[in-house]
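Each of the next two complexes has chain A plus one other chain: chain B in the first, chain C in the second.
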Partner chain A sequence: METFIVSVIFIVTVGSACIVAFSNNLVYSAFALIGTFLGVAGTFIYLNATFLGLVQLVVYAGGILVLIIFAVMLTSKINESSRSNPGANYKAVVPLVLLLVLLVGRILTRDVWTKDLSGMAHEPTITALGNLLLTDYLLPFELVSVVLLAAMIGAAVISRRKVKTQE
Partner chain B sequence: MNNIESLKSYFSSEIVLILGLVVLIFLSLRRGHSDHKSMSPASSVVSVVTLFLAITAALSVNFTESQPLFHGMIALDPFGQFFKILIMGTTLVTVVFCTCSRDLENTPGPEFMAFLMALCLGLNVMCVSNNMLMMYLAVEMASLVSYIMAGYMTENKRSEEAGLKYVLYGGLASGVMIFGMSLLYGLTGSLDLVSIRQVVINNPPDQLILFLTFIMILTGLGYKMAIAPFHMWSPDVYEGAPLPVTAFLSVASKAAGFALTLRFLFVAFVATEVEGTWSAVSAIDWQMLVAVLSAVTMTVGNVLALQQLNIKRFLAYSSIAHAGYMLMAVAAQSGGGLEGVVFYFMVYFLMNLGAFLVAGVILNQRHTEDMRDYKGLVRQGASGLFLALTLSVFLFSLTGIPPFAGFIGKWYVFKAVINAGLLWLAVIGALNSVISLYFYVRLIKFMLVDSAEKNDTIERVPLRFASLISIFAALTLVFGLYFAPLVKWTQASVVMFR
Partner chain C sequence: MLFSYSNVLVFAAVGIAFILVTLSIGALIRPYAPSLNKLSSYECGEEPVGSAWMNFNIRFYIIALIFVIFDVEVAFMFPVVRIFKEWILEGRGVVALLEILVFVLILLVGFIYVWKKGDLNWVKKI
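Take a look at the complex of A and B:
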């Protein structure tokens, strides 16, 4: 049963990621992204990181994806965009990607990781996360807010059009 | 030390920066504040005051001993303090630079200053992070704001291109880095650099994976330092970004990248210290790796700088080459090498910012970035003479010719490398200095020997620029002859918490 669930999650995640990457239609790509996000959320929940899984759902599947779809749908002439370098480097990319997959596969399948998670109690992680965020990890938590503030104002400044004021 | 105690006395310069940032944001919301105004005086004044207070706060910290703050998130040590002051000093110069820069006309001023404060904060945190989470967060904070600032001239195609290229490279580099960090966490079970070292020394994890992890993290750090082969973004970004931003990135961003890398290498991956010389942990011999990276970086930087005729690209490649020289001192793995890096950064700050300031004046008046338009500068009025002579001082110093400060910097670096027994690296470094002589002197020849196609005089240089340029040029000369105080500060600054 477990293997079945894991393989379903895997197929959904990687399959839709492939569509995102290889589809020629941006709208398809945007919609396929939902599969990837759901798959990742599923992985988190399967690994007992319930809070992360929910955040993944709310923020990525619920927020960012909708934003992307809006952006794609509202952009005019989106399918008429011309590619300046159609498939230029496939010859170099394929072996490189294969190498990377082999390498990462080799890394992840080795039994060298320190944390043994088998004995961990299956309980929600939210309490522990909350406590850590307000004690040991308070500084990063607070700095993130400055990062987000700067990023938000930056996005506004970069994207706004100049309004012609009446002289 | 816990959060409240750390906040009380040791985090004050960062708090000042955050307060300045908030004030600047409110300034930008003022009623009647128009988009078309360039840098408004109020925002520059607020920034300058903020930075002054922040620098004073950083200087006033007393070190009885180095210690971790905020539950080990950041480290309080003279090493971090030095780089923080260097970065805030660069920010101060950049603020003045921004107040009259043609590139930043017609862009929202207070917001720009706010970004500058946020960037300064991010870089400050980078210099002191002692925990992989903080490292990543600081890198990300600095990068996000730099992307915005590189693409700040929204009406300019090249600036937009610079912003976008920066985002793509940066996104990839930080993705690789955080993947590496997650693997390192899996291997050692800790995010804290000090505890990582304990694990790596006492029960070394799988060597292959540790090595790959190390390379992955180094990719992200190398992108911040703009060293080869992770330098591809820098010429395009430096060329497209507004000139003050380019100047800032080439000094402050690089300095923070180096501070972070040094801390990562010398805290997490050194085993023992014998009389000021460290040895790398047995699992990873990073000395050879860094030495090769350094040789490649300076060669790439210098060889590619040979053909550049755009002053921004030229200085970009030259800054890559200088990163190579500094990396040479890192490879020495010794106290002398660390001193070399710190000393080099002090003189690099002077000569590189000085060169950028002169380029800024010429860009403002002539609207040109082409080095051929610098021909005959010395004969174009008193201001032309002033600019040509000071730029020559900076360029000679960048080449490393005595009696300028750049020579002393190089001398320290080479001394450390030779003491470490890396003779081949010293030879490559010397050859590279010879190559660099050609292109630096070519620009000097343009200015001093060649004659201009049309002879119009340079107008009076704004007082702010003139005084900054003369101070920098004077210091470049003075520190080339009398560098004892710098050496003293350098020796005090290499103490690192570990």
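Take a look at the complex of A and C:
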């Protein structure tokens, strides 16, 4: 049963990622991204990283995706720019992909994955995280708010300038 | 291994199965009579010109950006909400409330800034 569930999650993730990569229509790619995000959220939850899964679900599947779809919708003449760039530089791509394969292979063949964790307790991380955020890590927690404030004001200022130059 | 969230997948499976069953029953029952007119946007009257594609107003983007910021804020509040009841029982509820209030108030400053500067207005005078 467990293997079945994991397979479903992985098939959804990789399948929609393939649609994102190979679809000729950019809008289909943007919408297929939701499957990838949901699959990654499922993977996080399966790995007992409940909070990460929740963030993935709320921020990525809920927020970032809307942003990406808006960006696609905002782009003018999208039909002409929907295919991947035929003039892509293969001389640069091939070494990069090889490097990536090597890196992922190196990570996959490490011996940490063979450790047996079935005896360990599986507590939801979110409770411990809440306790830590309000006690030991209170200052970073409030600093997150300041960082978000800076991001919001920065986004407003930059988009304002863009509108100005357009008109 | 404990995996108590599997029932979410059951909900998803039931949802997908519901759509598939309904659509396939419809496909089995309905008559099959294709015609070119059925494919046009308006079967009678206006002839469609060009594609249905249109550019969104750029104002949508800044609103989406601000939405993402508050989305992250809400995501950070989940752990606090999870332990809030326990903290109240331990008599530390006020402390937790104050800490989360500071968190929200800092972001509220940004919200007021964006609102006052008119970035949320639809038609902005520059």
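Rule of thumb we're sticking to: the second predicted complex is superposed on the first by the 125 of 167 C-alpha atoms of A that agree within 3 Å, B and C clash if a C-alpha of one lies under 4 Å from a C-alpha of the other, contacts with A are read in each partner's own complex, and residues count from 1 in each chain.
The definition used in the following text is that contacts are C-beta pairs under 8 Å (C-beta built on N, C-alpha and C of every residue); 3 or more make two chains touch, one makes a residue touch a chain.
Since this is a predicted model, take the numbers as computed values, not measurements.
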{"item": "First (chain B), second (chain C), both or neither touched by A:I153", "value": "both"}
{"item": "Chain touching more of chain A, residue-wise (chain B, chain C)", "value": "C"}
{"item": "Partner chain in contact with A:E2 - chain B first, chain C second, else both or neither", "value": "second"}
{"item": "Touched partner set for A:F10, first chain B, second chain C, both or neither", "value": "neither"}
{"item": "Chain B versus chain C as contact partner of A:W113, first or second or both or neither", "value": "first"}
{"item": "First, second, both or neither for A:V144, with chain B first and chain C second", "value": "both"}
{"item": "Common interface positions of chain A, toward chain B and toward chain C", "value": "138, 144, 146, 149, 151, 153, 162-163"}
{"item": "Complex interface listing, chain A residues touching chain C", "value": "1-2, 5, 8, 42, 45-46, 48, 51, 54-55, 58-59, 62-64, 66-67, 70-71, 73-74, 76, 78-79, 118, 122, 126-127, 129-131, 133-134, 138, 141-142, 144-146, 148-149, 151-153, 155-156, 159-160, 162-164, 166-167"}
{"item": "Chain A to chain B touching residues, read off their complex", "value": "103, 107, 110, 112-115, 135-140, 143-144, 146-147, 149-151, 153-154, 157-158, 162-163, 165"}
{"item": "Parts of chain C lying in touch with chain A, wherever the complex brings them together", "value": "1-3, 5-6, 9, 51, 53, 55-56, 58, 60-62, 64-69, 71-76, 78-83, 87, 95-96, 99-100, 102-104, 106-107, 109-111, 113-114, 117, 119, 124, 126"}
{"item": "Chain B residues within the chain A interface of the complex", "value": "3, 6, 18, 21, 25, 34-36, 70-71, 73-74, 108, 111, 114-115, 118, 121-122, 125, 133-134, 137-138, 140-141, 144-145, 147-148, 151-152, 154-155, 163, 183, 186-189, 199, 205-206, 209, 212"}
